[in-house]
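One chain, chain A, links the two complexes that follow: it is found with chain B in the first and with chain C in the second.
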Partner chain A sequence: MQLSVTESELAGLETSRFWRRSRNQIKEKKDWNAALWALLFLGPNLILFLIFTAYPVGYGLYISLYNYSILKPKEWVGLENYDTFIHDPKTPDLIWRSIYYAVGTTIPVVVLPLIVAVLLSNAGVATRPLRMIYILPIVTSPVAAAAVWKWLYAKDFGLINYGLSLVGVSPVDWLYSLRWSMPAVILMSIWLLIPFNIILYTAGLQEVPGDLYDAAAVDGASSFQQFRSVTVPMITPTIFFVFLITMINVLVGAFDVINVLTQGGPLQSTNVLIYDIYKNAFENFRMGYASAQAYALFLAVLIITLINWVLQKRWVHYS
Partner chain B sequence: MTDSPARRVSGKLALFIVLIAGALIALFPFYWMIVTSLKTSLEVYRYPPTWLPNPIAWSNYPDAFAKVNGRVFFNSAFFAITIVVLQGLVTTMGGFAFARINFPYRNFFFILYLSTLMIPPQVTLIPTFLVVVRLGWIDSYQGLIVPILAQGAFGTFLFRQFFLRLPNEMYEAARLDGANYWQQFWKFTLPLSRPVITAYAIITFLTAWKMYLWPVIVVRSDDLKVLPMVIAELSANTSQDRGVMMAAVGLSVLPILILYLVAQRWFIEGIAMTGQKG
Partner chain C sequence: MDSHRTTRRRVLGSLAAGAGALFSYTAIGSSWTAAQDETHELTWATNNLEGTEPEMLQKVTDMFVAANPNFKVTVLKYDGTTYDQKLLADIVAGTLPDLFVSADVYTRPFFESNLTADLKPLAEDAGYDLGNFDPLFLSLAEFDGMIGFLPRAADVVVCYYNKAQFDAAGLDYPTPDWTYDDMLAMAEQLTIKDGDATTQYGISAANDWWAYWVPMVIAEGGEILNEEGTEAIFNSPEGIAGWNVIFTALQNGWSVPPSVQDTVGGPWTPFANGMAAMTFTVRALTPTYRAQLTDDWDVQVVPKGSAMRKTGMGTQGYAMSSQTEDPAAAWQLMQFIFTDGMVVFMENYLTVPPIKTFYDDPAWRDLPPPPANTAVFIDAIGEAMVPPPLPFYSTGAFRQAMLDGIDAVLLGQMDVETAVNNMAAEATASLQE
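So, the complex of A and B:
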C-alpha cells in the first residue's frame, strides 16, 4: 500500500488524480455503507415516527379544515373551525383559565423544588430519609393521587375542611365552588409535580463546586446570599431544563387530574384548553374543531418555546 | 456579620421545622389513603374524622381486589412491560445510530427527531386515534401499545448521550477486528450500558403504569382496562364505598411503591440522568 502511494507520487499528475478519485470513491462507499447501517438501526424508530408522529401532525392540520365527526362523512369548511374558535364568546375565558392553570402550576413547581433541594442538602444525616419522603409522590399516578385528593377536598367529611374548622374557618366546597375549584386543582397538581423536579435540582446542585461556597463563607456571605449569588447562577442550565420539562409535564398530566377531580366543572370553572380539546373530540365528536384548537395550542407552545430560547441566552450560563 | 453558635443552632432548628412540615405535606395523602382504606363504611363518614381506624376493616382489601382484579393488574403489567421491552429495543438501536454511526446529516436528523418532544400530545392525539381506527386496532392490545412505542424520542436521546461517553478506542479496536455495527452494538455497547438501561426501564415502566389518557380513548371493553381507568371509574362512582375505593387506590400504588423502596437509587439516578447535558 505504502509502496503504491510512493509510486503514484512519482508517476505525476495523472496517477495522483486517479488516486484522489478512488480515495473519494472509498469514502463515498463508506458513507453509503454507514447510511445503510443507520437506516437499519433507525428503521423501527423511523416507521413508528412516520405513522404515529409525522403523519398525525400533518393529518391533524388537514382535518382541522373539515367538519369532521367520526359518525358522519367529513365536509370541507376551510378555516371556519379556526374562525369559530377565535370568535366564540367562551374562548377568552377558556384561554384565561388555561393561562391561570399553566402559570399557577408551573411557577411553584419550578421554584419550590429548588428551595426544598437546597434546604435538603443542608440537613446533614437527615438529608437522605427526608429526600426519600419528599420524592415519594412520584409513585402515584395522577389518577390515583387525584382520587385521594378528591376525598381530602370533600365538603362534609374531608380532612382539609376539618383542619380548617379547627382554626375557625367555615367549610368550603372545594371542588364544587366557582372560586375555589381551580386553586384546588392547581394545589394538587403542584403536589404531584414537585418530586420529579426535586430530583433534577438535587442532581444539578451536586455539580456546583463546593469551594465556591467556602469562598463565599470566608467573605462572610449569609446562607441566603450564598443561595442568591452562588447557587442560582451556577445552576441556571438546570433551572432552564426544569422549566422545559415542567411545561411538558403540565401539558401531559393536567387532563388526568382534571378528569378525576372536576371534569372541567363546576360551570366550566376548571375547563382548560387541553381538557376542552378532549371533550370536543371524544365526547362531542367535533374532531375538526378540536384539531383546530389543538393547532392553536401548538402555536402557543411554539411561541413560548421560541421566547424561552431567546431569553435563555440572557440568563442561562453554561460553564 | 458573625455567625454565633446560638444563631447557628436556631437556624438549624428552623431548617428542620420547615423541612419536616414539608415532608408531612408530601406524606399526608398517603397516610390518609391508608387510614381510610382500613375504615368501615360507618367510620369513613364519621365527623370529626378519626385519625386511626377502629375497628380495622381488613375486608376492604378483598372487596377492592374484586374491582381492580387480577385481569386489570395483568393488563397494566403487560402494557408497561411490553412498552419497556419493545421501546427499549427501538430506542437503544436509535441511540446507537445517532451516537456511533457516522451517517450523512446525522445531527440534523437528531435535532429534528428531538424537537418532536415539544409537540403537545393533544396535537397528535386525535389523528393517532383515527389512524388506530383505520387499522382496526380500537379496543385491542396493539392499539393500546404500538402508538406509545412511537414516543421514543426521549429514550433515544438518553441512550445517545450514554453511548457517546463510552470510550472511542473500544470502537476503533472493534472496527480493526472487523466487527460490524450490529456486533459492536450487541456484543459490548449494550452489556456496558446496564446503568442507563435500568434507569430507562424504571422511568418508562413508571410512565406506562400511570398512563390514563390514551387507554381511556382506545379501550372499550372491561377485559382491556388498565388500573388508572378502573380507579377513575371507582372515584367517579359516588355510591362506591370510600374505604374500598381507597383500598383500590392503595393496591394500584403498591407495586410501584415496592419498586421504589427496593430500587430507590435507580429511580433517582434515572430521573437525574435525564437532566445531564450532552
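So, the complex of A and C:
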C-alpha cells in the first residue's frame, strides 16, 4: 500500500477540498433560500394556525388551572379542576356514555362503508348515480340534517313510527326514552359519517392491482374469498386510517348531532363528554372546569391513538 | 293617523318631562348630544335572527337616521339561543355593540363586570326623566343605585287561548276568576286523541321557565328560596301542590310533552299552529300568533291558586356598552328609541309599554283584535312578581335541575314528591356553587 503523497496529489487534494467547501457553501445558501421560500408560502397558514389553533390549545391548558367564568377575574386553583373531574360522581356515567356512543358509532362507520364501497365498485352503470346519492350527507349541514331526523323520530307524526305502525309496533318516543335516545343519536351519527369513509375506501380499492383478482379467480376463489384474502389485506392501511379518523371524529365531533336532537337528555342519557364540556363552558360558564375536561378528553384520544398505532404493526400491511 | 300623532306627542311629553326637559335634552346637548358635524357609527344588537323584533329595530333605526343623517346605525341580529354566549364572546373580543338587548337577569352581572354603562347620570345630564317608567319594571334594571338598561316592555305572563277550540269543545272561555282546577278541567276536555297519537292538546307551556312554575308555587302558598337566598325551599307541601298542576297536565297527556315541544320548535309553537288550545306567555308573542294562527283567539289573566293569583313578569330593554367609543351618540339613539321610536314597538303588537302614561294609549290598546281583551295585559301587572334571585343564567344548573325533575317524573323514574325534593336539592347545590 502506498503511504507517501506526491506534491501533485497534495495539490489535487487541496483543489478538491476547495470545491467541496464551495459546494457546501452553495448548498447552505440554497438551503437558506429554500427555507425562506417555504416560510413565505407557509407563513399565512402558519400564522392562522398559531392564532386559531395553537394559541387556544395553550390557553385552554392555562385556563384549566383557574376558576374562570369570563365575567369575573380568574382565580388560580392549580389542578383542582382535574381533581374535581376525576372525583365527580357523575364522571363514571359520563365516561361510560362516551364509550357507548364512540363504540356504537365507530364500528358500523368503519365496517359498513367498506361493504358499500366494494358493492359500489361492482355496480356497473349504477356506480356514478349511487355515488352521488351517498355523498348527500356530506354536503348537508349536520344541524339541518338533525332537524330532519328529529321529525323522523317524532312519536306522534314521525315516519319511523308510521312505518313501524304498519307492522303493528306501538309508537316509540325515540328521543325521549332512556333506552332508545342514545341508539337514535348513534343511528343519525352513522348516517352522517358513513359517506366520507365510503370515499376513502373507494380510493383505497382503486389502489389494489387488478392482476391479484385475476390470479385469485384463476385459482377458483369466490367473490367473498377474494374480498377476504385480497381486498381486505391490501387496503389495511386505509382501514387503519379510517378507523383512526372516525374514532377521533366520533369522540370530539358529536356535538352538533346531540345538540340538535336531544341536548344531552332526557335525564342525561345522551350527555357525552364533548357535550358536557360545552354545557359547562357555555351554559354553566365554568370555563376552567370545561378546559380541564377537554384536556382529559385529549389525553384519552391520544392514548387510544397511540395504542392503535402500536397495534397496527400486527395487522396493517404497507406493501 | 290621528292616534299616531297623539301618541308621538304623548311619548315626547311624558318621557322628556315637559318642554323644559325636552329643551334641555337638545340644549344641554353640548355634553350629551353627539356633534352634528361628525359622522357617528353605532351598532345595536338584538337577540333575534329574524321576525318582528329585528324588523322593528331596523324601522326605528331608519327613522333615527332619517332625522339624524350624520349617523350610521347597524342592527346586529344575534341568535337568541346563544345570545349570552355571543355577548360574552364580544366582551372578550372588545366588540360589544354600542347598544344591545339586556334584561333583568343581566342587570347585576353586567354591572359587576363593568360591561354596561350606568344610564342614570346620562339621563340626568340630558334632562331625561326616568320617573316616567313604571318603577316595578325600572327596578329590574337597577343595581346598587345604578340603571343598567331602559325597559322597553312590561312583560307579564298571561293566558292565550284559542276561542275556536273552546267553542268546538263546548267550553266557556276562561274568566278573570278561573282557578288552576278549572284550567286542568278545560285542558282535559280540549285534548283530542286519535289512537296512540294526540292531535290537540289542552296546554302548551314552558314548564321549566321560572315565570311559569314559580308563580304557580307561590299561588299555592309555597316559597322558592330561603331568606338568605342560599337554599331552594319549593319542595314544601304547598310547593309540591304547585308542581302538581304541571305534572297532572303532563302525566295525563293534556299538556304538550317536552319531546313534542322540542320537535315542533318550542313551548309556544303548538299554540301558533293550532296544536294546543292554551299557552302562557307575554305580549311579545302576539305578532307571531296573529301571523300564524288562523283561528280566533284572545287572552286572559292566569288562573288563581288556592292561596292567591300570581304571574311572572320581567322586562327586556336596551343597555349601553361601557366600552362604547361614542357615548354621546349612543345615548342620542337610546333616547330616540324611548321617545319617537317607542311608537314602532307599540303599533306592532309587540310591546306593553312600561310607562304608566302609555297604559291606555290607543297606539296599542285600540289595535284591531286579536287579542281583543288588551286590558288583561295591564290588569295582570297588579299580580305580577319579579323573578326570585336565581342564578344569573337561565340555562345553567338551576334550570337543568327543573328539566331533570320533569323528565324523571315523565319517564317514570320518580314520583312527583321525590322529583320535587330532588329538584330542590339540585337547585340548592347550584346556588351554593
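By our rule, the second predicted complex is superposed on the first by the 284 of 319 C-alpha atoms of A that agree within 3 Å, B and C clash if a C-alpha of one lies under 4 Å from a C-alpha of the other, contacts with A are read in each partner's own complex, and residues count from 1 in each chain.
Simple rule for what comes next: contacts are C-beta pairs under 8 Å (C-beta built on N, C-alpha and C of every residue); 3 or more make two chains touch, one makes a residue touch a chain.
In this text, all values refer to a predicted model and were calculated from it rather than measured experimentally.
Superimposing the complexes on chain A yields a three-chain arrangement in which chain B and chain C clash. Look at A:A126: by the touch rule set out above, it reaches chain B but stays clear of chain C. Measured by the number of chain A residues touched, the leading partner among chain B and chain C is B. In the superposition on chain A, A:Y295 contacts chain B only, with no contact to chain C. In the superposed model, A:D173 lies in contact with chain C only, and not with chain B. In the overlay built on the shared chain, the residue A:I70 is in contact with chain B and with chain C.
Of the two partner chains placed around the shared chain by superposition, neither chain B nor chain C is touched by A:L311. Residue contacts after overlaying the shared chain place A:D156 against chain B and chain C alike. In the superposition on chain A, A:Q268 makes contact with chain C only, not with chain B.
Contacts of A:F282 after superposition on the shared chain: both chain B and chain C are touched.
None of the stretches 92-100, 182-190, 290-298 or 344-352 of chain C clash with chain B in the superposition except 92-100. The contact surfaces that chain B and chain C form on chain A in the two complexes overlap at residues 70, 150-151, 156-157, 282. Chain C makes touch with chain A in their complex at residues 82, 84-85, 88, 91-92, 109, 112-113, 196-198, 257-260, 262-263, 393, 395-397, 400, 403-404, 407-408, 410-411, 413. Of all residues in chain A, only 31, 34-35, 37-38, 40-42, 44-45, 48-49, 51-53, 55-57, 59-60, 63, 70, 116, 119-120, 122-123, 126, 130, 132-152, 156-157, 159, 162, 191, 194-196, 199-200, 202-204, 220, 222-223, 237-238, 241-242, 245, 248, 251-252, 255-256, 259-260, 274, 277-278, 281-282, 287, 290-291, 294-295, 297-298, 301-302, 305, 318 touch chain B in the complex they form. Partner chain A is touched in their complex by these residues of chain B: 1, 11, 15-16, 18-20, 22-23, 25-27, 29-30, 32-33, 36, 44-49, 89-91, 93-94, 96-98, 101-104, 106, 113, 116-131, 133, 146-147, 149-150, 152, 156, 180-182, 185, 206, 209-213, 216-217, 227-228, 231-232, 234-236, 242, 245-246, 249, 252-253, 256-257, 259-260, 264, 267-268, 271-272, 274-277. The part of chain A that touches chain C in the complex is made up of residues 70-72, 150-151, 153-157, 170-171, 173, 175-178, 265-268, 282-285.
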